[in-house]
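Each of the next two complexes has chain A plus one more chain, namely chain B in the first and chain C in the second.
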Partner chain A sequence: MENLGMVLALTGAALASILAGIGSAIGVGKAGQAAAGVVTEDPSKFSKVLIMQLLPGTQGIYGLLIAFITLSQIGILGGSAESLSLAKGLLYLAACLPIAIVGLLSAISQGKAAVAGIMMIAKKPDQMSKGMIFAAMVETYAILALLVSILAIFGIAGLNI
Partner chain B sequence: MKVPMSRITIYGNKKDRKAVLEFLQRRQCVDISEPDAENAKLGFSTMNTSESQSEFARERVIGEKAIDILEKYAPSEKGLLSSFEGRRSLSAEEYYMYVDDIPEMMNIAVRITDAEEEIAERRAQIVRRMSELDELSPWLPLDVSLSEDGTKDTSCIIGTFPEALTEEKLLERYLSAEDAPPIHAEIVNVMPQQTCVFILCAKKHAADCENRLRAIGFSKMKTSFSGVPAERTAQIQKEIDALNSEIGALEKEIASYKGAASSLRFMVDYYTMRTEKYNVLSMLSQRNKVFVITGCVPKEAASSLAATLEHEYNAAVETEDADGDAPVLLKNKYLTEPVEGIVKTFAMPAMGEIDPTGIMAFFYYILFGMMLSDAAYGLIMTLGCFFAIKKFKNMEPDMKKTLRMFMYCGISTMFWGVMFGSYFGDVVPTVSRTFFGKEVTIPPLWFEPVKDPMKMLMFSFVIGIVHLFTGLGVKLYQCIKAKDWAAAFGDCIFWYMLVGGGILYLFRVDMFLSMAGLTTKLPAVWGTVAAVIAGIGALGILLFTAPQNKMGKRLAKGAYSLYGVTSWLSDILSYSRLLALGLATGVIATVFNKMGSMFGGGVVGAIIFIIVFVIGHTLNLGINALGAYVHTNRLQFVEFFGKFFEGGGREFKPFAAHTKYYKFKEEI
Partner chain C sequence: MKEYTYSIARVRAKEASLLTKQDIEQLISADGYETALRFARDRGYRSDDNSDVTAAAEKELWSFIEELADEETIRVLRLPTDYHNIKASVKAVFSEIDGEDLLLDGGTADKKEIYMCVKTREYKELDERLARACEEAVTIINRTQDGQLCDIYVDNAMLKAVADAAEESGDAFVKKYADMLADTSNLKTAYRCAVSGKNLSFTENAVYDGGTLNVSELERAAAAGIDALCEFVRPTGYGECAEYMKSGSAAQLEKYCADEIMRFMESAKYESFSCAPIIAYYYAKTAEINAVRLILSGKLNMLGDDMIRERVRMTYV
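And then the complex of A and B:
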């Protein structure tokens, strides 16, 4: 089991992309349903509601970003995979958790805010940027989680354990 | 800046009313206000025009409907970028030509909507015929009429069994009952769920036969139509064909009005204009032979407007400087103008507030650029916007402003991309390594955020502090201008001291120094000075937030305000998104480059790389530009505006023609 460290680190990367990806998929899906409803009434609002639909999609990208940084840090991407100590593997796993969990939940919440924003566009298309801000407020927390994950992962690389 | 406004009062003769209103509508520079209640006492009254307004609105709706229908049957050619094209302007000659066309256009519009209804009705009829055909189809082999009763001595019974049956099986079942009268049965059609049968019996036994048949599951055909099924089917088919050809003719008729599309569009615009005009008409104070218009006009336009009104329209005009609650018109120049739209979506500055556009624009470009921070993406944005502006000269002003804003954002993005060494992520080293065997890198002008995220984070906070302190500075300026000294100290200067002192003190804290990567610790006296500054600030906030209250309440309010220091903390931390979004662009670009280069060098590798490159980077640019836009807005609206700007002014909305398709030149 001397490679367990590598397994844990990869689990972390996988979780980051899986959970954040699921969250974004749910959020974008919900917003998409609402957007389709608006477009049946008024096709000219397509581009506006499309932008709103995209907003909860960023968490998935943050998850991908963390997964990617982790993969290249532990050498799976780039082909120089060495054995990783158990402690370091666990650290990587822990470092991936903020964006994984916050990404999942915040994307779902942001999806709900985006749905409400889309409803607003249906009635008052000129107020669109306010709707975008409401949805973007939720994303702040995903960004904070992303930041912690990034800083932690870069920090772990320098540790000698 | 906010454009200074004048309040204008126009007195005119009633016979010039139409001309004056039309002139004002063309000039588009007077925001007409509700008449003064005082006027009623002087015998002035207003006109109720709501009936005509709704009549015009109804006509406009018919026109719009006709245009939509026409678009369906005879689509006009639209380019991919047609949304950039502005409204076409009409000359006076064209205008009057179109006005003459309006009665005819109204007829055409009504005809088009009627034709559409006729088509819908025929479609419904076809559906009914189709279901009749479905019902008839199993009976096609039957060569007598479905409502056939029989002959003098025989009766025929036509109907179905709810199962698949053969002739023998049917007779066997029927004859199994005692003394069943003889029948002749013919199977017309067999399906798994239904058997259609034709049964013949002696007339005297008809009722008995039917009862017996019913007992074994038979049900009589209930039919609304008579005739031989095959003949009837052919007839229905003919009817459907006729309906279809009628629909074709109607569609052709609608399409034949294609040439009228531009006149129809004019008609919609015309009624829009008239609705607006009549709305203003209802706001005029009128008496016997005179009318009065009150409103606001930008000060610079006031005198020329007054002169024209006096000389050409025989009106008397009074102007005076408008007071604080005048409607707000923003006017900025060059680099700052395009950001006006962003301010407008938040709110118009209220009385006593300055127009934040100028200060905001500078930060807007910086923040956007840092979030996208890729030289190549910036170049694409800049060039794209530049050529769109050059190509579509007739673009609507708001659209043009937006494009200009993104062009400047693109330039800033290029700048930060060069600083951080990002060109399509790491496409230069990737391509040179994969296809030319030798790695070439473009070193960043400053540093690479991926390699040193802590440095980038610190830099983001510095930008944030500058941004927030600038916002607080604007507040200070507004307080001083309003001579509100208590607020100037309590809300601004003491906050500078508290937050500034706190930040300075950080340079004595070991943890902060190691995080920021600084090695020199400042002398102890620095810490003392910083702490004293912060302390004075805190005390000041405690005492001077609500100086007009009694001591207890004053301290309580001060303490509550002091609690706001947590919001300063979260505001500053919020700027960490500059790092996060900046890294997101670069890392995702790198992912796509890596995916593209996985297939190695050579021709096949190059082709795959190009495909992945184009799709991947288009996606990345789109999603990150959207992210940068949204989050730049957020930093401006929540963090920056939170420090000084509430808004709530009324936007200057001049009496004008808010048309959809055409612009009307001055001289009409």
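And then the complex of A and C:
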């Protein structure tokens, strides 16, 4: 069981990319349905609704970023993996959780806001920037979670436990 | 819960091309039929074969709605057409005229099927409920020769069918719509009963037993006369119509009822995920088509602008 620390750290990295990825997939999917609906009636709005559709996609990228950093910190990326203490492994897992959980939920919520924004563009194309701001507000919380995860992961590296 | 995101986005895009109040006003004040028709054509009312532009718009609306939602959801929209077709068929068959022009498309059953069933008195082709309604309507006419009684029966059967379909759909918006349909219909029926001095037993038969109003009190009030009816209506959510009842304006009461449903439909404007915007769009577009039809036929018959304006109902945008 001396490798349990490594297992836990890797689980954290996996969770960050899995949960945030699922959230973004749901959000972008929902927004995509709405975007397709608008383009069915008015193909000229493609570029406008495409931007809105992409907004919930960022959480997946944040999850990927955290997973990458974690993998390189524990040495799996780069091939210099050494054994990791159980405590350190648990700390990495905990550090990955903010972006994993907040990423999942905020991407779904942002998807809904993006859907509403796309419908607003359908009726009032000149109000597009406002629709983007409404959806982008949700992003704040994904960024906060990303920040906490990054700070925690870099902090753990220096710990001697 | 069913997914309507794609459909609602299409509805929102379409809503942008609904006629606004200013458009309707412009249409009303157009200088003659040709100008009004040209304006309507510019705003999307076209037909391939130069036939009735509003009929073409209705057809287009149905094919759009059919693409958006499953049959279960749009059943409440189709049912009134079925029952209209029953009434029209019964009247056409019994007065021995060719009634095909009176029938409407867009019901759950084919309009010709309903007509043939009434004509041949063979109802096997129809679903059980419609068959029962047809049979009963024919029996009533046979027994009493009274078109009004037949209409009352069919209208109430329609309201019941809509209420049941709404209940089945489980959607709060659809249920509220069914309730409003029953309430407004009951108000109109009660008003007509009160004006023509019908007794309580007739009123009880005429008023539909459903909706949000207290039906037995409504019936008693209607049988007691207009003043009692106004007193009953005032504290309800439909208080405003007491004024129209008192002033004896049936046209304004009709308009009030239609506008009241339209105001309810407007609540769907801010809804992004349920089926409400689809129902609301159907209702809004139908109201618009009816307004355009009314204005065009008014213009064709050289009616004055004010006379037309008085009859045009509220639009959605």
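Just so it is clear, the second predicted complex is superposed on the first by the 161 of 161 C-alpha atoms of A that agree within 3 Å, B and C clash if a C-alpha of one lies under 4 Å from a C-alpha of the other, contacts with A are read in each partner's own complex, and residues count from 1 in each chain.
Here, contacts are C-beta pairs under 8 Å (C-beta built on N, C-alpha and C of every residue); 3 or more make two chains touch, one makes a residue touch a chain.
Since we're looking at a predicted model, the values are computed, not measured.
Residue contacts after overlaying the shared chain place A:Val7 against neither chain B nor chain C. In the superposed pair of complexes, A:Lys112 makes contact with chain C only, with no contact to chain B. In the overlay built on the shared chain, the residue A:Leu90 is in contact with neither chain B nor chain C.
Using the contact criterion defined above for the overlaid structures, shared-chain residue A:Gly37 touches chain C, although it does not reach chain B. For chain A, the partner touching the most residues, choosing from chain B and chain C, is B. According to the touch criterion, chain A has no shared surface contacted by chain B in one complex and chain C in the other. Listing the residues of chain C that touch chain A in their complex gives 3, 5-16, 272-273. Of all the residues in chain B, the ones that touch chain A in their complex are 342, 345, 453-454, 457, 573-574, 576-577, 579-581, 583-584, 587-588, 590-591, 594, 623, 626-627, 630-631, 633-634, 637-638. Residue ranges of chain A in contact with chain B, taken from their complex: 51, 54-55, 57-58, 61-62, 64-65, 68-69, 77, 127-130, 132-133, 136-137, 139-140, 143-144, 146-147, 150-151, 154.
Interface residues of chain A, counted against chain C in their complex, comprise 30, 33-38, 40-42, 45, 112, 115-116, 118-120, 122-124.
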